[in-house]
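These notes open a run of structures that come right after.
Same chain, two partners: subunit A is paired with subunit B first, then with subunit C.
Up next, the complex of A and B:
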């Protein structure tokens, strides 16, 4: 169970469906609970960006979510068949602005960039592809690197 | 998400429980605005207790931002308290913990309540 994918219409009502899918993947793979919120948030922010900005009038794009465990990390990809739109091109919010001057636009994508190790956008075969990944840190006092252990594991 | 509102003298305490995501943000914003408007008399302080708030996204941050601005315009104190680590992280990364008062616990937040009118 290293990779799972699902596909939904680009409709806000589908957000709980995708969140549940993510939670089930998390539990089944035994992933660290502490890393879950950043993936839940990134899923919501990118999905809602496509729902709000990535549709042609009168249509909803299809959005595919895929989750992959590989190379000591978790990779999450959202792909849609809507018009070309790179959320990473949005201007960065001014997080130093005062209460009266704060703007909310671009804040979701900003949070995704802060929380993930790598975020990339590609336009592939008439689809928008947003990929996010984060390394899984080994628990304190443990390492998965064989070179750092004394002798072999039993 | 579940929201409860209690009023003690001129302090209103709003408790948010569960997930403040896109689907919950509009109702949450409405509740904040109602709490700020008060039932006839506006409170002097609105505290949002986040001890049971599991999750917040940018849609939730927007509701907090709009409420903080309304409070400022109305001369009402506005503060949050008892943020869980995952929620605290979102407030810190977004810079919101610099523009909205965040207290460690409910007692500290309420200690900032204005004295009752003589």
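Up next, the complex of A and C:
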């Protein structure tokens, strides 16, 4: 059970369905509970971006969520068949602005960048593909130490 | 599951997941309060940017009438999200004790 995928219409009401899918993947794969909130948040931010920006008039895009365990990390990909839209191109929000100058736009993607190790966007065969990944830290020590690298070669 | 209510002490109490599907409910409740003050987050389990927007709008309204909201008992994960977003600079927020 290293990879699972599901597909839903790009409608806000589907968010709890995808969150539940993520939670079930987490439990079945025995992943660290402490890492789950980062993925739940990132799933919501990217999914809602597609729902709000990725629709053509009168039609909701199809959105596919895939989760993959590989190379000591968790990778989550959201793909949709909506118009080309790169959320990573949004301007960075000013998180130091005063209350009066605060805007919420772009904050979601900003948070995703904080939570994930790697975030990338590709336009592939008329689909938007947003991929996010994060390493699973070893309980003791750091996974980017030389010994962890050696262990992968063993 | 998300719940929002007023305690007998007059504090707003939130519980569960304030995700994008629940923000309208939360905002409608808060907008109905003349002067939102203390909001207890002890049982709030989850928030993302759509939820942060609810607090931003409410704080702007409260400050506009000379008040301000105060968030109490945020768990560490929720506190961290407020801090990443720089919301600790514009909203008074306190972590849960312990």
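The rule we apply is simple: the second predicted complex is superposed on the first by the 140 of 154 C-alpha atoms of A that agree within 3 Å, B and C clash if a C-alpha of one lies under 4 Å from a C-alpha of the other, contacts with A are read in each partner's own complex, and residues count from 1 in each chain.
We take it that a contact is a pair of C-beta atoms (placed from the backbone, for glycine too) under 8 Å apart; a residue touches a chain by one contact, two chains touch by 3 or more.
Quick caveat, the model's predicted, so the values are computed rather than measured.
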With the two complexes overlaid on their shared chain, look at subunit A and say whether subunit B and subunit C clash or fit.
-> clash
In the superposed arrangement, which partner chain does A:12 touch: subunit B (first), subunit C (second), both, or neither?
-> both
So, does A:92 touch the first partner subunit B, the second partner subunit C, both, or neither?
-> neither
Of the two partner chains, subunit B (first) and subunit C (second), which one does A:45 touch, if any: first, second, both, or neither?
-> both
Check the residue A:20 against both partner chains and state whether it touches subunit B (first), subunit C (second), both, or neither.
-> neither
Considering each complex separately, which residues of subunit A are in contact with subunit B in the first and with subunit C in the second?
-> 12, 15-16, 19, 37, 40-41, 44-45, 48, 93, 95-100, 102, 104, 107-108, 110-111, 114
In the complex with subunit A, residue positions of subunit C that touch it = 19-21, 46, 48-50, 52-53, 56, 59-60, 63, 77, 81, 84-86, 89-90
Contacting residues of subunit B [partner subunit A, same complex] | 21-23, 55, 57-59, 61-62, 65, 68-69, 72, 86, 89-90, 93-95, 98-100
Residue positions on subunit A within touch of subunit C in the complex are 12-13, 15-16, 19, 37, 40-41, 44-45, 48, 93, 95-100, 102, 104, 107-108, 110-111, 114
Complex interface listing, subunit A residues touching subunit B | 12, 15-16, 19, 37, 40-41, 44-45, 48, 93, 95-100, 102, 104, 107-108, 110-111, 114-115
